[in-house]
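Chains: A, B, C and D, in written order; residue numbering restarts at 1 for each.
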Amino acid sequence: MLKSNSMFIKRWWPAAIIIVVFAFAPQLFETFWGRMGMYKLVLLQVFLANVVLAQSYRLMTTTGDWTLCHYILMGMGAYTTAILAKFYGIPFYLTIPVAAICTVGVSFLIALPLSRTIGFAFFIGSFALGEFVRYIWEKMHFPFGGSRGLSNIPRPELGQSGDWYFVDFSSRMDISNLYYGTLVLAILALILLYRLDTSRFGNAWKSIYSDSELCESIGINVTRYRILIFCVAGFFASLAGSLLAYQWGAIDPDNFGMIEMVYLIIWVVVGGVKTYWGPLIGVASMSLVFELTRPFDEFRPLIFGVILISSLVFMPGGLEVLIPRTAQFFKNLVGTKEVS
Amino acid sequence: MLLELKNTAVHYGKVEATRDISIKVPEGEIITLIGANGAGKSTTLRMISGLVRPSQGEVLFEGESITHLDPEDVTDLGIAHVPEGRHVFPQMTVLENLEMGAYLVKSKQEMKNNLESVFEHFPRLKERVKQFAGTMSGGEQQMVAMARGLMSSPRLILMDEPSLGLSPIMQQEIAVIIKEIHAQGRTIVLVEQNARLALSLAQYGYVLETGEIALEGAAEKLRDDEGVQRTYLGMD
Amino acid sequence: MGLDILPQTIGNALVLGSIYAMVAVGLAIAFGVMQMANFSHGELFMVGAYCVYVLYTLFGWPFELAVIASFPIVAVIGVIYERLIFRPTRGNVLAGFMATAGAGFILQVLISEWYGVGLPKSVQVPYPGGSDFLMMAISWQRLAIIPVTIAMVFGLWYFLTKVKNGKALRACAQDPEASVLQGIKLNKMTALAMAISGGFAGVGGALMAPIVSVNPYMGHDYAIIAFIVVIVGGMSSIPGAVLAAFILGFIHTFVSTYADSVYGMMIGVLFMAIVLIVKPTGLLGNVKV
Amino acid sequence: MSFLSVKKLSKHFGGLIANNEIDLEVEKGEIRGIIGPNGAGKTTFFNVISGFYQPTSGSVTFKGQNISGKHSSEISKLGVVRTFQRAALFPDFTVLENVVIARHLRANNSLVSAIFGNQKKAEEANVKRSAEIIEFLGLGDEIDSLASNLSHGHQRQLGVAMALATEPELLMLDEPVAGMNSGEKAVMVGMVKKIRDEWGVTVLLVEHDMRTVMNLCDRITVIDFGEKLAEGTPDEIKNNDKVIEAYLGADDSVA
């Protein structure tokens, strides 16, 4: 079971290249688009947060429990971070963990009634409980700001632009250091999610999906494990929420509504959930489609509705099924012998 | 020949459930398939009624292939299937269960006649017409399932383990009813675990083991075959 | 405290309970027959409301005719759902459920393209004025919902217990394989179930068109309500859905009269959470269709 | 107080009386068989003891502790583990991974250490013990193959290996030889005897294959039509006329 270093590199070189590209994105964007590069960088930041969100949702689905309140858990993270930063001036390195812990609490409360249901009752039950939280945000002016939500959330101070590293964006808004903060947090989250997925707990969650009766008989308390994964997924969703709160600078209940939840489902369904890479492909491809359909955006929901239906009916495995084929294609291309 | 299976085989995914099953069912006879649990008896019945598609071979009804017909159309040809484990409609009354059995019967009058003839076979059901089938005992549910199968006055009845879970007395009652149904000229394919009961009713039998026909022959011959006696009749 | 408006609140609660029953019964029968879980059931409700807006307000049909017409129109959409979404994904409740979310998007975009998003459509009230029967100052328009719902639910009960295909529908809900062995065509039954499901949601929307603001996104709240009612009532039980609809109708009406409508929705969800903890299969959980 | 004692256990499903006040006493280290015709209520009785069904009435006590009505994952923590008549396994995992997952109860690392700590070290003991169990049960050469690719016989053996992986004191086998040919049956019988003799695990099995039960069990309980009909050693049962009449069908058959 031990992996030698060369094996490690063989398996992980694609991930390493992607990280390097992301690390130099601010410079690349600046050279290509100059001032406009800043706007593109925000898009990349939102993309990174969405990747963490999609990956945490994929972890949730390994037990077969597709919740419809994942976006609400992300919203909890966003709201808690915004409140702590705006009203109490707490620095980012505290607001993010505290928000995550609060979200775990809320996830636990939501998971309690849901963990005893299965299938359709679980889906729509999670949707109703999610809406319950959204009603709280709409009703309570303090601290959630009611239906107008919270605005001008102070940016995290990550030192002046250009202090840390050689890029001097010399821009009023220190976009690039927020970008690097996001990148580091996203990579950390993805590594933790990967280790979780391949850990003993990851296997337990997957075995609950394939045969929950067998799990009960070998001593895995299925209800408790479903609650546990709900909280763990909530923890990571909250991270994504905190990142977006800082990036958008303002949030309101409609940012975390049903429409966004369905888009998250589209990313994960189109990408596929069987492997760890599925959601990444889903978010990447769908974000691309989202950008391409910008000119006729009133038809966007229709386009994505058609994409969702056709991918569920015609390609249930999602795009990830293409990985082995494309990997094989590259292998034949490069002619390297098959890695054991 | 009313029904014939020619070298049929059924696969569930990679697992081969049955292999090279060839069976002949002449009109007006009771043919039985006996064998241990998981020998492929139920799979074969489910193949005949179209619930499962064979990967090889042909199923012929009066010489014509019904191999790829949907179950609804197989029933329309006059083949009734009384499934293993009875599968009555639990939250419907006995009468409603019987009405479902006659779903394909068009004329009201024919439905009435079928109902009368079924009540002759199952007098006990006549008094319990309004009761929900789910609240009845195992034996009574078996009667409802058989009665439901008869409601479409079929030419061929596939019975899957009618004696399952019944007390010895109830098994005798069911056996008597099967004889009466046969006496009316209906052809029966009887799948049974209780080899003694099955061989006492049938004219011809097939012994299935792990998906293959191990032995076939007239019922008397099988009864006296010491191999059958040892494994299925428990006499050693 | 406002005891004088008690009869009025009870009246309003009966009206609300009727609408909730109409929408929830549609969802329960679809799920009960072959686990067809429709996430965009709210959109079918919305299309029903637009039927009245188009036929009654634009084309000038009589209101009653527009409401009656909404049943077949939305029923056809239900059958399209069954053919394009539920049949290809049969056996996978999740895939069908997610796909209907996509279908909901499509309906919203089509309606907003054809009839514009702008201001909500105003549908002038066909039965103006109200009644003061038993001190209940409720408009005739709202009161009319109760008899229509009773008639439709009774009609469904009659169909399911007296008509051959209605009984066949119940048979499919209880044991699909045994039903097929009796010659019942499963695909016909699933189409029938979705037609009834669409029809009920459509008529619900049609009745509410003159009362609430008609817009492409009005289905959202009614979807949540239908989901809560179906869970509380017991996933595939129609009597459960009707019972839970009136319970929720009373909770919402009383809480929003004496406090605020959003709190009403919140308490409804809390009630559902409690039922899930105590009896995950719902009040009449084991009853099938 | 015997190792496992079941008193007046009943289980009703609507109108069906699956089990009617059945008593059962199993001593430590015994191989006890439960036989009866198909549909006699054996599997229901089995499911109630292992916690999958709640009993309608009556009690189940294991080593003096009342476990009736407890959740099946609780019961397996107390050392009573069951297998399934269907080939229950995790198809997408290898044989070794299946057994490692089954040792879940014995794994000690918490969630946090699973993420941050070195997983390989934490799993070491489990993986080694799992490999031992697989070797012990003769599945050694299949250790790295995917569970879904195993033959029917091997899949059932994997089911037993997974139950054994939780280090139980009472192993409950649900029709261990169902659907097996004579070769596979002999292997399974040998395996069960080896488990009892070398690991001292008490075995309670449900089966309706007469031959297997007769030469494997120390004592046999016969259940028919939901009630206990007889109990004793294989020889007593073989000549008990009530058993022969009920189980093998009445002699005065209908012919």
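Here is the rule we go by: a contact is a pair of C-beta atoms (placed from the backbone, for glycine too) under 8 Å apart; a residue touches a chain by one contact, two chains touch by 3 or more.
Worth saying up front: this structure is predicted, and the values here are computed from it rather than measured.
Looking at chain A and chain B, the chains in contact with each of them are C, D.
The pair of chains sharing the greatest count of C-beta contacts is A-C. Distance from chain A peaks, on a Cα-centroid basis, for B. Once the centre of each chain is set as its mean CA position, chain A and chain D turn out to be 43 Å apart. Distance between chain centres (mean CA atoms), chain C to chain D: 48 Å.
Rounded to whole angstrom units, the spacing between the C-alpha centres of chain B and chain D is 32. For chain A, the set of residues that touch two or more other chains is empty. Within chain D, not a single residue touches two or more of the remaining chains.
Looking at chain B, residues 90 sit in touch with two or more other chains.
Taken as a contact graph, the chains are arranged in a single closed ring, with each chain touching exactly two others. Checking each pair of chains for touch leaves A-C, A-D, B-C, B-D. Taken together, the chain B residues at the contact with chain C in this complex read 49, 51, 70-72, 75-76, 80-81, 83, 87-92, 96, 99-101, 103-104, 148, 152. Within the complex, the chain C residues that touch chain A are 31, 35, 37, 39, 84-85, 88-89, 92-99, 101-106, 108-110, 112-113, 220, 224, 227-228, 230-231, 235, 260, 262-263, 265-266, 269-270, 272-274, 276-277, 280, 282. Here chain B touches chain D in the complex through residues 15, 36-39, 90, 134-138, 140-141, 161, 164-168, 171-172, 175-176, 179, 193-197, 200-201, 209-210, 233-235, going by the rule given at the top.
In the complex of the two chains, the chain A residues touching chain D come out as 1-2, 192, 195-196, 198-201, 203-204, 206-207, 210-211, 213-222, 228, 232. Interface residues of chain D, counted against chain A in their complex, comprise 50-52, 71-74, 76-77, 81-84, 88-93, 97, 100-102, 104-105, 107, 109, 111, 114-116, 119-120, 122-123, 127, 162-163, 165-166.
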